[in-house]
Amino acid sequence: MARIGVFICHCGENISATVDCKKVADEILKIPGVVLSTDYKYMCSDPGQTLIKEAVKNNKLTGVVVSACSPRMHEPTFRKAVAEAGLNPFLCEMVNLREHCSWVHEKNDMTTQKAIDLVKTIVEKVKHNEALQSIKVPVTRKALVIGGGVAGIQCALDIANAGHKVILIEREPSIGGHMSQLSETFPTLDCSQCILTPRMVEIAQHSNITLYTYSELEKLEGFIGNFNATIRKRSRSLDEKICTGCGLCTTKCPNNKIPNEFEQGLGNRTAIYVPFPQAVPNKPVIDKNNCTYYKKGKCKICEKLCPAKAIRFDQPDEMLEIEVGAVVLATGFNILKTSFFPEYGYGQYKDVIDGLQFERLASASGPTGGVIKRPSDGQIPQTIVFVACAGSRDAAKGIPYCSKICCMYTAKHAMLYKHKVHEGKAFVFYMDIRAAGKNYDEFTRRAIEEDGANYIRGRVSRIYERNGKLIVIGADTLLNGQQVEIEADMVVLASASIANPGSEELAQKLHVSYNQYKFFEEAHPKLKPVETNTAGIMLAGACQSPKDIPESVAAASGAASKVIGLFSNSELTRDPLIAHVNKTAPPLFSTCVGCFLCESVCPYKAIEHEEIKNRNGEVIRTIASINPGLCQGCGTCVALCRTKSIDIRGYSNTQVFTEVVALLNEI
Amino acid sequence: MENFEPKIVAFVCNWCTYAGADLTGTSRIKYSPDVKIIRFPCTGRIDFMLLLKAFSNGADGIIVSGCHPNDCHYTSGNFHARRRWIVFRSLLDFLGIDTKRIVFSWVSAAEGAKWAEIVNTTVDEIKKLGPYKEYQLIAKEYLTTKEVINE
Amino acid sequence: MNKIIEVAGEMLTNGEVQLVVGYEKGSNGNERPAFIDAPEACNKLIFDGSCKINLAVYLTKKHIKQKGKIAVIAQKATLASIVTLYTENQIAIENIVALTFDANSNVVKLRNIDEIIEFLKAAGKSSDELDDKIEEIEKMSTEERWNFWQEQFSKCFKCYACRAACPLCYCERCTVDQNQPQWVQVPATKTGNLEWHIMRAMHLAGRCSNCNACSNACPQGIPLNLLTRKLSQEIFKEFKYEPGTAVHQTYALSDFNIKDKENFIK
Amino acid sequence: MNTESYILSEQNLAKLINGFIEAGKTVFAPFKDKAGKINFKKINDFTECDIHYIQSVFSAKAAVFPPVEKLFEYRNNKFVQEIKDPLPSYFPETILFGAHPCDASAFAVLETVFTNDYTDAQFSERKNKLTVLGLSCSTGDEHCFCTSVGSDPSSAKGSDILLSLLKNGNFVADIITEKGKIIFDKSKDLFEQSNGNEEKITAIIPDKFKIDELDQKIKNSFEKNIWQAQSMSCLGCGACAYVCPTCSCYDIQDLGTVYNGSRVRCWDTCGLSQFTVHTSGHNPRENQGQRWRQRIMHKFNYQPEKIKLLGCVGCGRCSRACPAGISIIENLQKITKE
C-alpha cells in the first residue's frame, strides 16, 4: 500500500490568499494511501524542506506530493530534498497551485475545489511513479562557436584557454564582425581595431581553435554532449594552404567597381578580395557573382598572376561533419538599412547615411582615410544632423524595443565629428538619452558640454533637399513641441538594431526558441541568460538582443563558462524520463510486434532493432528498442504504438491514464 | 444551464503551453477555474485514447494545446500530433461526437494572455453547449443503479 | 476457374510452393478459405469473387508460415495488404507467391513486391457504393450520426471477428487485451464498444487495404468498413497517401509535412 | 402434467403478447433489424416481432445470461466500504416468445452449468422469472441439425407453451408446464378448442450424423491431428461461442474507478487466444487447433460425461456466424468417419 505525503505550500500569501490551503490538506488526507497531508507557509524554505525530509523519514513515505509553484521552478529543489531524506527523487511530484490556480482565479470555493482536484490527480499519479536512476551520457569535449564577431571570438578564446577544442565558424570571409568596422569605441574612444585585431590573430594561432571562415552551419543533429554538426565550407576558389596572402591578385583584378560591403558601400573592391587589411585569415576569396570568369567564362588574370598558383576556379564547397558537445550561438545583429525610412529620403539623398557608414567615414582605415567627407561630393560637411531612435522604440514601425547602443554611438559620432571638424555643427535629435553604464553618462555629457554637440529632444518628421542642403524638420519637445528646421550637409540615422537575416532559419535548425523580432530566446530572462531551452546550446552577444561591446563580451565569457562547466566531466547525468519498449514473459518476450512504424516518428533516431534469440541463438523475433542516450523523452512513439508496447517513464500510460480518471471522478 | 460549471480537461505540452499557462499566472491574468491542466512532455505524447477516456469519465470539454509549428522542443512532436488530430477529429465527427467540445490550440511560452483567452472562450462555448449528456449517458450504463439489459 | 487449378497444381507438383491458400465451395454455397498441399486436391479450388475473406490474413499465422513457401490467391485488396504486411516486417516476401487475375481472368503470378505494386498501379483505383454511403452519413446532423452509430454499435458483442478477419490486425497482444491500464472496457458496454471501434479505426488509418473483411466478418453486419474507408479517404485527401502503392513508404501517421493543412487549431 | 392443445389465432396471439407487455412483463421476441438480421430483443408491441425466421444471429440465452450483467456496485475509500446488490427490477418477469425448440432446450444445459455444484443466484433468479413460449420450426436450412443431436423441429423440451404454425396461419398451442398453464388460465378466452387433427407446418431436418457413433469416436480422439486440420482456417474470433445458446463461459470485470464502480460479468470465449494465458506467459492452449478441440470436446464429450447432457442443440448458429465458413456439421461428420 502506498504511503503518500502531501505538502501544501502557502507561498507566503501567493497561494493562501485565494486557496484555502488548510481545507485542501484536510480533503486530501481522505484519499486512501495518503498518510500525511499538511500545509506550510514556505515549503521551499529551509524549515519547509526540513519538514518534508523529516516526514519522509518518520512516516516511511513511498511518495511525496509538493503542492506549490510551477514544477518548472522548484521540481529540482524538492526532488533533491526527498533524495537527501533517502527517497528516490522521482517519487516526488509537484502540483502547480500558484501559476495554474491561485494566481489566475478569484478567492472562492471553486478555486479551492480546483486545488483539491489538482492535488488529488497528482497523488493518484504518484502512486504509479517508479524509482528511477539518472542516465549517464558521454560528453564530447569540443565546442562549436557560430559567429566570429567579438562575442564569438571572446567565447572561443575562453573555452580554448580552458583547454578544450573549439570549432569557430564565420559566414564572412574574415572574422571580426561589426566591431572590426567601428572607428573608435565608447566611452573610452580607443580604436576598435587596435583592441580587436590582436584577439583575431590569437584565434588564428590558438592550438585549440580550428577556424572555418566563409562557412555556415548546414545542419545539427544529436543532443547535449553529443551533437553532430554539418558545416558547409564555401569555396574561396583558391587553395588557402598554399596562398601566401600577398594580395597581388586583389590589386590586379580588372573588375574593381564592386561596392565594398565592409565599407558599407562607401568604397569599392575587386572581385577577388580580402574584406579588409587586417582580415583573419588574410586570404582572398573570389566573389563568384561578380567575377568575370564565373560570369563570362574568361579572364583568369588572377590565376595567371598568382605567384603561388593557388587559384582554384573549380574548387567545390566542402562539407565537414564534426562531433561537438556544446554549441554557442554568437551570430550577432544587423542594423536597419535606412531605406526603411522613406520620410528621411534615404537612397534618394546620398548624404543621408546610417551609423555604420559614419563609422567607416570616421575610421582611419576607411574609404576616406578617416576624413569625414559627404558621399555625394566629397565635401567636408559643416553641419551634421544625427537622428537617434531611427526606427527603434517605434511601435508603428514594428520595433517597440530600444536598440540600446544608439544613444552612446550617436554621442560618440558627434564627438568624433567635432574633433575632426572643429568649426562644424553637430545636432542630435533624441527621445531620451539612455546612458546607463560605467562612464556612459559622463561620456554623453562630455559630448554636449565639452564638444558642444547640440542636443534637441524631439523627433525628426521629414528630411528633404533644398538647393544642395538637406532640410531637417523636427520638433523640439522641450520648447513645447515648437518646430525646428535645420539646414544640414549630412544626416546620420542611428537606425535600429535588428536580428541578423537568417536567424529564424538557424533557430529552427538548432531547435532553439526565438522571439517575434527573431532574436534568440534565453532559457530564463534572469537566471539563465546565456542558455537556451535546448540543453547544450548557449547564447553569446547581440543575437539574443541588442548589446554593446562590453555586454557582448561578458555574455560570451558567461556562455564559455557554461560550456567549460559542461566539459568538466567526461559524462553528464540526464533525467531518466525517456521511452522504453516493454518486455514480457516468454513466449511473447514483448508485446512489440516489430512493425517499426515508430522508427520514423523519432526525431532523434533513437529507435533501434533488437533481436530476441532462443537458446540455440536463432532469432525468434525482432522488436524495437530505445537508445537511452539518444531518446529525449518526447513520447511521440508512445502515442503512436498500437500495442502500447512503448511507454515513457514519468508520463507512463498508467500515470496519465490515472491522472485523467482521478481528475474527473469523485473518491 | 445557469449554474452549470463544465468539467474541462486540458492536455498540454510541458515546453510551450504549460510554460505559457505559467506566464498567465505570473502576469496574474484571471481565467475560469473550470479548466484543469494535465502535463505532457509533448503534444506528440498525447494518446487519442486519453481524449476518449476524458469524455467517458465525464468531461464536458477538452483542450489540447502545445507548441506552435516549428517551435516544438522536440522539433516535430507537434507536427505528428497535428496529423493525428486531423485524422482523429474527422473520425469523431463522422461518429457524431461533437468536435466543438475539443479545442486544439498552439500556445507558446510567451502567450500567457492567449492561454487565458483560449480557456475562457472554451468555457463559454461549453457552457453554451451544456453538459455532454449523450456521452455521459453511455458512460454511466452500468454504473448507475437504474438498470439496463441489452435493449 | 480450371486455369487456377492448373497453375496451383503445377506449383505444388514442381515444388515451387508447399501450400496453396485459396477458396473452395462451403456448405452454405459460398466461397471459403481452402488450404491445399497436394496437387490432386487442387480441383476443389474455385474463384468467383464471392468470397469476402482477405486471404492475406493467413500469411501472418504461425501454423501457415510453418508450411514453407505459400501461393495465395489474391484479390486487389489482398495484394495491398501483402505490401503493407511486407513494409511492416510481418512476412517473408520470398516465401510468398501471389496468384491473381488480369482483365481477361488469366492467372498472373506475382513473385516479389515490385511486381505486386506494378500490378496494383496498373489495376488502378475504383470507387463503389460505400463512398456514397459515407457521403450520406456525412450529410446527417451530428446528432443523427451519433444515433446511427450508437444503434450500430449496440449490436456489437465484442466477438472480435472484425479484428480476426483483418490481415493488418496481426498484433499478438491487442490493446483491448491489456489491463494495465484497461484502455478499453472488456464487456460489450456502449462505451467499450464505441472506444473499441474508434481505436480499431485509428489503428488502421493509413494502413487499411479497404478489403471490407471486417464488416463481412461481423455476424451482426455492422458496417465497420465505413469507418476505415472514411479514414482512408481522409488520409488520401489530406496527405495524398495511399497504402500499398509503394515499397517502404512511410506510414501516414508516423510522417508529417510542415505544410499539413488544418482549419481547427486556434 | 399431460399436455393440452388449443388453437390460437394470430390476432389472439398478438393480444396475448401485448397483454404481457401491458402487465409490465419484459417480452423478448425475434426482431428483424434494418440489416435484416434477426435477434431476440425486448419488444414493446407484438407488431415489432418477426416470427417467420429460420434462425436468429444470437441465441435467446441473453434472457437468462445477459452478455453483460451487473453483479454489484461498490464504493471503497478510507471511510466507506459498501457493496450494493442489484435491485429486484434488474430481474424482471420475462416472457421469451418465438424461441425455436433448439433455443428452448438449451436452457437445460445452461441451468445445469449454473446450478450443478452451487447455485448461481442471478441466473436462477432470471430463470425462475422466465416463461418460454416456444415456436416449432416451420423451415430450416443446411446448417440445422437438431435431429442429429436428439431433438427435433417441434420438440417441446424447454418450452412452457409450444406454438406450432398451421397452414391457415393460426397456431396450435401445447400447454407443457405449470408456468404455461398459469398463462393459459389467465387468458383462456383467447384460446379455442383444438380437434387435434390440424395440419402443422413442420420443417424437415435430415440426419447429418449418428450421435452415438460420434460419441464413440470422439472419446478417444483427443490426441488425433484432426483438430489442427479442421481449424486451419479458424481466425480465432469469438463469434461461434457468442452466438451459441449453450456456451456459458464468462469473465468478471470492474467498471468505474478503484473507489467507485460496478462489478459485472460478461461473455467470454475459449476461441480467443488470451482465454487461457497464464500470468507466467505460458498458454496451455497455445494454438487454434487446441482451442477448437476444447470447444468441440467440451460440448460432445466433457458435458455429456459431466452433466449428462449434450452441450449442443443443433441450432447451427456457429456455422452461420463463422467468418471463415467453418461448418460444425462437416467437422462432426469427419470425426465420425475417423
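Residue numbering begins at 1 within each chain, and the chains themselves are lettered A, B, C and D in the order written.
Assume a contact is a pair of C-beta atoms (placed from the backbone, for glycine too) under 8 Å apart; a residue touches a chain by one contact, two chains touch by 3 or more.
Treat the numbers as computed from the prediction; the structure is a model and nothing was measured.
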Most central chain, Cα average position: B
Centroid spacing, where centroids are CA-atom means, of chain C and chain D in whole angstrom: 32
CA centroid of chain A to CA centroid of chain C, Å: 51
Cα-centroid distance, chain B relative to chain D, in whole angstrom: 45
Where chain A touches two or more other chains, by residue: 584, 588, 601, 640, 653, 657, 661, 665
For chain B, residues that touch 2 or more chains besides their own: 48, 70, 76, 80, 84, 142, 150
Junction residues of chain D, two or more chains touched: 67-68, 255-256, 260, 264
Arrangement of touching chains [line / ring / star / complete / other]: complete
Residues of chain C touching chain A in the complex: 88-90, 170-175, 178, 180-181, 183, 203, 250-251, 253-255
Complex contact set, residues of chain A against chain B: 70-72, 96, 98-101, 103-106, 110-111, 113-114, 117-118, 121, 508, 511, 513, 515, 533-534, 577, 601, 603-604, 632-636, 638-640, 648, 650-651, 653, 656-657, 659-661, 663-665
Residues of chain D touching chain B in the complex: 26, 41-42, 62, 66-68, 70, 73, 84, 86-87, 89-90, 255-256, 260-262, 264
Interfacial residue positions of chain D with respect to chain C in the complex: 33, 35-37, 39, 57-58, 67-68, 142-143, 228, 232-233, 235-239, 241-243, 251, 253, 255, 264, 266-267, 269, 272, 274, 287-289, 319-321, 323-327, 329-330
Chain A to chain C touching residues, read off their complex: 584, 588, 591, 593-601, 622, 640, 642-644, 653-654, 657-658
